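Each of the next two complexes has subunit A plus one other chain: subunit B in the first, subunit C in the second.
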Partner chain A sequence: MAERAAPGGAGPEAAAPVPAGAQVPELSREEKLQLRKEKKQQKKKKKSEKGPGAEPPEPGTPSEPGQPQAVHPTSLPALADGPGGTEKPAGGKSKAELRAERRAKQEAERAQKQAKKAEQSQAATPAKPRLTPTEPQSVVKRLPEHVQVDDPAAQKKLAKKLERQQVPLRQDYGTKVNLFSHLHQYSRKKPLTQQMSIPSTVIHPAVVRLGLQYSQGIINGSNARCIALLEVFKQLIRDYSTPPNDELSRDLVAKLKPHISFLNQCRPLSASMGNAIKFLKKEISCLPDTLREEEAKEKLQDTIDKYLREKILLAAEAISKSAFEKINNNDVILVYGCSSLVNRTLCDAHVEKGRAFRVIVVDSRPRLEGRDTLRRLVRKGIHCTYVMINAISYVLPEVTKVLLGAHALLANGSVMSRVGTSQIALVSKAYNVPVLVCCETYKFCERVQTDSFVSNELDDPDDLIVLRKGQAQLSGWAENKSLRLLNLVYDVTPPDLVDMVITDLGMIPCTSVPVVLRVKNVDQ
Partner chain B sequence: MPGAAERGSELSEQIEAFVARLRGGGERPRSEDTARQTMALLQKIIEHGRWGRAGELMDLIRTEGQRMTAAQPSETTVGNMVRRVLKIIREEYGRLHGRSEESDQQESLHKLLTSGGLSEDFSTPYPLLRANVIEAINELLIELEGTTDNIAMQALEHIHSNEVIMTIGYSRTVEAFLKEAARKRKFQVIVAECAPFCQGHEMAVRLSKENIETTVMSDAAIFAVMSRVNKVIIGTKTILANGALIAVSGTHTLALAAKHHSTPLIVCAPMFKLSPQDNKMVPVFLTLLYSRLIQFPNEEDSFHKFVSPQEVLPFTEGEILAKINVHCPVFDYVPPELITLFISNIGGNAPSYIYRLMSELYHPDDYEL
Partner chain C sequence: MEFQAVVMAAGGGSRMTDLTSSIPKPLLPVGNRPLLWYPLNLLERAGFEEVIVITRKEIQKVLNLDTKMKLDFVCISDNMDMGTADSLRHIHQKIKTDVLVLSCDLITDVDLYKVVDLFRTHDATLSMLMKKTHEPTEGVPGQKGKKKPVEQRDFIGVDDTGKRLLFMANEADLDEELVIKRSILQKHPRMHVRTGLMDAHLYCLKKYVVDFLVENRTITSLRSELIPHLVRKQFSSPTSLQQGQDNKEEDQKKKDQASLDIYSFIKEDNSLLKPAPDNSCWNDRRGDMNETLHEGKVRCYVHIMKEGLCFRVNTLGLYIEANRQVPKLLLNLGLEEPLVHLSAQVTDRGMVGSDSIVGSSTQVGEKTSIKHSIIGNMCTIKDKVKITNCIIMNSVTIEEGCCLQGSVICHNAVIEKGAEIKDCLIGSDQRLETKAKHVNEVIVGTEQLMEI
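Moving on to the complex of A and B:
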């Protein structure tokens, strides 16, 4: 019996009206496992055959409807009229026979659905082999490793995976605050490169350098990290050569995995980097087999360039133009930390369009990124004021709007950004000052988060130690068992504290993020 | 008498030294110490000063008080102690003059109704006045000694086990409060470090020495972790008559975050911090290091005190400093609707009751020194 796995097949199985009680769960689980296997195989087949034609499932299906339909009429009557029909003992049917009947019935229903879908997809344009309504019923996503530090099984799995890829495992440093024991906490003084031989045989030297730049904080900021990553990947692709018996599309992805693990160990990947990697992997696996290696590599580099140009550089220009409409003369604008997008918007508005406004730069320890913003803005001649974050209650009465940058926008509308952003949004709301967030669409994430605890990043706790009047109060914190230092990197701003998000698609409210995600998925 | 003149000049020297110390700034003095020093000085003025009648004494105290408060307006404890002494003098005079407590109250109600009616002239000399006043001041000093302990004794009524408590900066009252609770209960404390002075670090080190599990974090993470905090306990510099606070910068953000998460905000402060003055009365005290003048759009801001912006942006940043403004306010105004409870040496009170306590401590005529 052909058990074609339909994308929506898992549903009707569990909901099928089955008379017996105890046997139902076992059946569904087995069926589900098998379904999953079938789905995986199907996906692999689809990906490898997508290039030449968009009809890989199509040739398969026309043969299918014939078979299940043949089964269908015979099995249904068998169930419909119990005593007659097939040769079954009147009254008690054996368990195996009942199971077989049920299975046959479910397969028939599934095959019917499959047939319907095959007809629909044949009628539709070949460019869309998968219909979007099937998206919401995908399997549960796997929990990322970096939020499972307190689970020994997950850590063992990670260690094994890294060993296989020949990437060193970075050790955690210092006692963690209990609330965050599920996250990693690394020390900047112990970079990952100390645990590996340089030059490494597995990791490309450009990637090693990039990893070091990430972990030491030399490259900071969502956009900067993503651009650096894509440039390094371009170099990787240039230096790559396909081994003799393999295909570029499959082998390159496999070669990229240890590099990505290495970068992840140096510093957890940001949402922008994650999206870029997903895009790149998809592009690689969609490469047609007919291309020669040189052509394929060039095509990949071109797509990376296009992604960089469209999603990051042009998007920044579009956002700057949109945000400019919101900046009036004699405005007092409050910004926090260092966001490349916000800096660009303000510089453009002042230099090219000549708007007259004042900027108040708010900064916080221990990163003190606001000083970079200050330098950049002052260089362009913008009138600036500088305060620490505890003084926002003092400056807010004279502020007309708040412009913030974002690290990622989550699917429930929350804004994930540098720690302190949510505080600024909260106090601004109390003073009735509008809060505008600038974010490109490539940073939109399908994750949802309601607080800043479950998924965050812990920075080096030693950064909090400061020398004042010749004495560093916290220098002995490691020996003190009751003292912990907490250096959070991100926090999550609830959507009701943000008034508007300015993206390259226009100005949207926070709650429209899942709409944008959906539109993006359909386009791709 | 040569002895009196000598004592007089010694006294004025001491007053000068005290005023200079107040004006000098530098190390932030402990409010209790300031209160005690003020009281000691006032005691000496009463003992050795040249006065004959109550009225003269009050004028003398008032003059000296004005001088001391003008030196450092943000140290409101000085003014509060002066007002307490004035009230003591009025009470002792009233007692000697033969007026009973009840008629006194009726007097004030009558005064309310009839504008400019009966007024004390304090002109009758009483030889016993000096001794009585000094005795009352001694009692007040004893009360001052015990304020921190009184507040700390109430700790167990407010902290249960396995709590997460948040605080900001370094308040010795809160430190004593938490240490007392830690003797019997196990709980955790999160301290916001309060940049740029980072007093929170010292607080955290001291608390951790008592085996209280303490976490230090940056001020920027206050809202991020607030959802896991059960109580916020803070100290303050001044309590205003409407129940508002003048506390260390960053407290307003903390109070707003607590309100957003419906976390109770408890203020531990002794009664001598209660100040009747209108915050508009406190003149602006600025240390300007850059050539631009900062305009104050809001009268409410007149309580502000600033320190050298070098704490925020050090001079090592270079010539960019010539092109920007840098602010470093020390205090924050916290409105009374964000506060849940005041714990003081006389017990726990709601912010709406503070005005009543004030009328017991100070006389309305003394609100403006």
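Moving on to the complex of A and C:
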């Protein structure tokens, strides 16, 4: 089989002339790139083989910069011959044979890769795959520290960084479930302040208070955390004074870093907080040097106020107005957990506009946030039903729409929200109930996630221990070697389960999220 | 700056006058260190660098503590009868931030961050420390019979989490019934009322409380007046000025009253927390449907210690108990000083028990057994003396053949040969004659006896 031989022939040929030394990385990248292109061409050829068209392959055309000319031209004519040779018996090849060919090719490439790895001396690359740069200018994406907890090198780097910033390192607690061993798991009973001096000198007291409120769960919810963060930053800026011989624009960012590390140690930053911090850092570094310190501080506080007002408060109003159009009389709306946006929408719709609808509040352990939603809605006089998440298939037949809140919207259109949301979306889809997600644009995130494992948050496992009649069955879970407790915080809902996203820019489908992100980047 | 620490060391020790008539309370030796050293050590371990110490002039002259902190002594003269709140008012100009008030007689190994974290997390007005009391088991010298001193009980009401302080009343202030306001029960339907708790007199107070004290001169004591007032204020609404603007005079009076209300001192920069809690879904109570997070502006929290040491040395029994527990505490703190001081000359090391402390420059003769006792500095103990369960302060001379049990012997006392002392308190500078036998007595100088 000419085709099978061709890449097999190209393989060892490609592997052999790889010189050792400094040129090895470039070569290997080029090699990989070339192999990928070849694979693509193979696939295209296979498709064209089934039909009568026998276009000559195009491996000669893609740009081949630099050295490995010696290798590739030899492989190319081999390829060129291959499909040409097999064009004639195209109809004769059955699906099984095509599959076998594909498998053989994959194995050959795998063998190539292993041979290359054996030759390479650098073994310092992390186990996780790195996106290789396609052109010299593109960005190498690095994995954030908080999903590399089981990588000792990354943790050592983090420990060094924290030590430099004089922020204590929070210890993980309890054995983690294997699938999530790459994430942090902290205990609420061991706060970060245990390792700090009282009164705190390195970290501003307002930030210490905020960190404690985050880690004890007093301020939770994406919007609340972001608002509190911005207010504390305003206070930090107020209390900041530029040291002599330094620029405010450069020094302030450096001063903010330890505080942000501290807050990150108390509780991993949310996507909304991350975006707000990025915005603030950009604003600070763009400050013109001509401003005096007082004016600069005023200007910064004004920008923070503006951000808060526009992106959070006014956005909430706009979303409430848009979502109102979707709420009809005699609707039965299902909500999950406690989302400040959804609560506001429902309260506005009921109180100000006087729509008649009833709400089913779905709740889940261990947070039981639905109780707070229930309290807020009932206070306004909305007719509510309260169920646990295991009852949703019983209540869904009478639900007309589902309104969900989001923690972040990812670049591929997935919705990252409180754990349980994806289940609600799934079951609603099965019952053909429309699912609407309310989310402000400042929570749109450039990450892409297709599963809930890679980047998540593990909460305190002791929250799962329930006290009934003075007895807690799970209280000795740490001593039991084969028992692990898992308390996940977020999960990812795929975009095909969500019918519409209501944002302050209007009502968009899930797949338009990257467009919004692109427009936002262009604006800024 | 986040906190300023204030140690109240001007108190008289009114409940143990036998001891404190000759030695001021902050200087009482516990484990051969002055009592004041313990709260200062607690602050130093927590990371404080500066402390304000309110004390009397004579104490400051004698005091020399080896501490790395910067001590700012504020002296108040003896004839001014100042309560703890008065002292705080006296130094109010030095106080620029939230304040941590300690009493000089507190010996504890609590993790201070637990108390302070409650204060920070909930933005509380007051955060304090309490511990379950245990009655001292050993007999107290000078106590006739087994009669336990009847102390007025404190009723402390906490909510379900055990952190929020809902109710505090002393038995002396109540007639026959415990009255609990309905508003408290509406907000917190489950309240646990406890009586066996001892207040450690460690308070974290917000700055506006000090401002309130400055204006409100009727409050003299922190423990008995200010704290119950704050706890009560949690659930009472601020006196509003809008109650009818009929009479200008009445208005003025109301204004005066209102200005003494603590709510007027709470600055409105708490707008920091305003929008966030509205969006957060944390709830500090299940009782009612009102806005949960920190609705009232005054909040009081308490940390109740379950294990560990926490003493207030304000009676003789507690003083003896403290001396007994202190070697353990010093060991836990990792202080490197050996129990038997290096300069002490002890002839028979074997006769000194493993938990006894012998001070510097003390001479101990032959065949002298020392068990469970604390011997001060520069003492002279001759041969064949048996000391069990005693506290012996500095510069005491004990002649041969004495037998001392369960007693407290103050500075510069001299005990002649062959004396047998059991459960006694020998005051300073006393001299006991040879072959004296005393059981369960208090021997102090006539000038130290209280005048009736």
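Please note the rule applied: the second predicted complex is superposed on the first by the 382 of 524 C-alpha atoms of A that agree within 3 Å, B and C clash if a C-alpha of one lies under 4 Å from a C-alpha of the other, contacts with A are read in each partner's own complex, and residues count from 1 in each chain.
Just so we're on the same page, contacts are C-beta pairs under 8 Å (C-beta built on N, C-alpha and C of every residue); 3 or more make two chains touch, one makes a residue touch a chain.
No experiment lies behind these values; they were computed from the predicted model shown.
Enquirer: What does the overlay on subunit A give for subunit B and subunit C, a clash or a fit?
Expert: Fit.
Enquirer: Report for A:P152: first if it touches subunit B alone, second if subunit C alone, otherwise both or neither.
Expert: In the superposition, A:P152 contacts neither subunit B nor subunit C.
Enquirer: Can A:P244 be said to touch subunit B (first), subunit C (second), both, or neither?
Expert: It touches nothing on subunit B or subunit C.
Enquirer: Who does A:G354 touch here: subunit B (first), subunit C (second), both, or neither?
Expert: neither
Enquirer: Is A:P205 contacted by the first partner subunit B, the second partner subunit C, both or neither?
Expert: In the superposed model, A:P205 contacts subunit C only, not subunit B.
Enquirer: Using the superposition described at the top, determine whether subunit B or subunit C touches more residues of subunit A.
Expert: B
Enquirer: Please indicate which partner A:V378 is in contact with in the superposed arrangement: first for subunit B, second for subunit C, both, or neither.
Expert: Touch status of A:V378: both partners.
Enquirer: Output check: A:E398 vs subunit B and subunit C. Expected answer is one of first, second, both, neither. What do you get?
Expert: first
Enquirer: Is A:A228 contacted by the first partner subunit B, the second partner subunit C, both or neither?
Expert: second
Enquirer: According to the stated criteria, A:C338 is in contact with first (subunit B), second (subunit C), both, or neither; which is it?
Expert: Once the two structures are laid over each other on A, A:C338 reaches subunit C alone.
Enquirer: In the overlaid three-chain picture, which partner chain does A:L488 touch, first (subunit B) or second (subunit C), both, or neither?
Expert: Touch partner of A:L488: subunit B, not subunit C.
Enquirer: Enter the shortest inter-chain Cα distance between subunit B and subunit C once the structures share a common frame, rounded to whole Å.
Expert: Across the overlay, subunit B reaches subunit C at a minimum of 5 Å between C-alpha atoms.
Enquirer: Where on subunit A do the contacts with subunit B and the contacts with subunit C coincide?
Expert: In subunit A, residues 371, 375, 378 are touched by subunit B and also by subunit C.
Enquirer: Write out the stretch or stretches of subunit A touching subunit B in their complex.
Expert: Touching subunit B: residues 177-179, 364-366, 371, 374-375, 378, 384-395, 397-398, 418-420, 422-423, 426-427, 430, 451-453, 464, 466, 468, 473-474, 477, 480, 482-488, 491-492 of subunit A.
Enquirer: If we count contacts the way the header does, which residues on subunit B are in touch with subunit A in the complex?
Expert: 188, 190, 193-198, 201-202, 204-205, 207-209, 211-225, 227-228, 249-250, 252-253, 256-257, 260, 297-298, 301, 304, 312-313, 317, 320, 323-329, 332-333
Enquirer: Touching residues of subunit C toward subunit A in the complex: what are they?
Expert: Residues of subunit C touching subunit A: 1-3, 46-48, 111-113, 116-117, 120-123, 272-273, 275-283, 289, 292-293.
Enquirer: Give the list of subunit A residues in touch with subunit C in this complex.
Expert: 191, 193-194, 196-200, 205-206, 208-209, 212-213, 216-221, 223-225, 227-228, 231-232, 235, 313, 338, 340, 369, 371-373, 375, 378-379
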